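As written, the chain order gives the labels A, B and C, with residue 1 at the start of each chain.
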Amino acid sequence: MYHFTALVTLLAIAFYFFTCINVSRSRTKTGIKVPAMSGHPDFERAFRIQMNTLEWMPIFLPALWLFAVYIGDAAAAGLGVVWIIGRVVYFIGYSKAAAKRGPGFAIQGIAAIALWAGAIGAVVLRLV
Amino acid sequence: MYHFTALVTLLAIAFYFFTCINVSRSRTKTGIKVPAMSGHPDFERAFRIQMNTLEWMPIFLPALWLFAVYIGDAAAAGLGVVWIIGRVVYFIGYSKAAAKRGPGFAIQGIAAIALWAGAIGAVVLRLV
Amino acid sequence: MYHFTALVTLLAIAFYFFTCINVSRSRTKTGIKVPAMSGHPDFERAFRIQMNTLEWMPIFLPALWLFAVYIGDAAAAGLGVVWIIGRVVYFIGYSKAAAKRGPGFAIQGIAAIALWAGAIGAVVLRLV
């Protein structure tokens, strides 16, 4: 069983859910009504934060779980926590200004690439 | 084996696929050509239905499977069916008007949150 | 263990990641700054390639894994490779012109539908 990886998965989903709710709150604040997806820079940044988090989900989640299966539960969960921290930093930075989205993006990117690289390395080792 | 959860997963994917096809049909009806993503309210609503369903996939699918593994196959599949029903209601309502998207959205949201809450509760119980 | 399916999953993710990086490169080339998502046809096509690949991820990945579990690792991985090839052809065609996105889209669509149909057939056989 992969209890730590399961927990980190559910926490990552909860944070992603929060970025979705934040888009709804931003609609109220900026007056951008559905189905419009643009028209106010604050709304557009809130939307891009959610979208970018969504865009990384199919990279992060499969890499996290393959890393957990092929390497280990605790190591996968640890890198998963780093990914969530990077996403929180990204959220705070990008919410202030587009120019401040870099550091959080880098942290989550490095964590996701480490999960991916570890997983593919371990899979290839089993196959050769 | 998680036969019921597997079946519900494949049915949920099929419904999501239908929302994608509906965007293509809406392009033909409204004359909005790729790669444009706006320009006619009917098209924009069809696109938002697909996008919102996509946006909830990384919440729904991992929560569904972790619920299945930690609690049970039949209970997970039952909540998964509720989620699909909510998505169908959402599709029908939002296709008519943006103001009619509420009830279906609420149904699918409650089902997804129930899956998430059940899964995280069961995971935490194993860890403590 | 599903080594081949795991490997194909990680390669599919890598290709999807490349379509994300291509959007960033296209921002630099066309001068479309974040958070704007439109304003130049070349950028809009690069963005639609990424988005469409993202949109198919929740269809492809669960169908691939359920096919692997219910039918077999090597067959799932083989269809997964066809999906990636279709996505590469789609990328090359759509990058040139919207009208050239058809063949690659068809290849990846057939591969994904074959995975879905095989998986649901095998699941239903177990349940009846």
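Here are some notes:
Here is the rule we use: a contact is a pair of C-beta atoms (placed from the backbone, for glycine too) under 8 Å apart; a residue touches a chain by one contact, two chains touch by 3 or more.
Heads up on the chains, UniProt names are A, B, C = MAPEG family protein.
Everything numeric here is computed off the predicted structure, so don't read it as measured data.
Chains compared, chain A against chain C: the Cα-based superposition rotates one onto the other by 120 degrees, nearest 5.
Counting the residue numbers that touch the partner chain, chain B and chain C have less than half of them in common. Annotation: 19 Å between the Cα-based centres of chain B and chain C.
Within chain C, contacts with two or more other chains are made by residues 37, 54, 58. In the complex of the two chains, the chain C residues touching chain A come out as 1, 3-4, 6-7, 9-10, 13-14, 16-17, 20, 33-37, 50, 54, 57-58, 61.
Within the complex, the chain B residues that touch chain A are 37-38, 41, 44-45, 47-48, 54-55, 58-59, 62-63, 66, 69-70, 98, 101, 116, 119-120, 123-124, 126-127.
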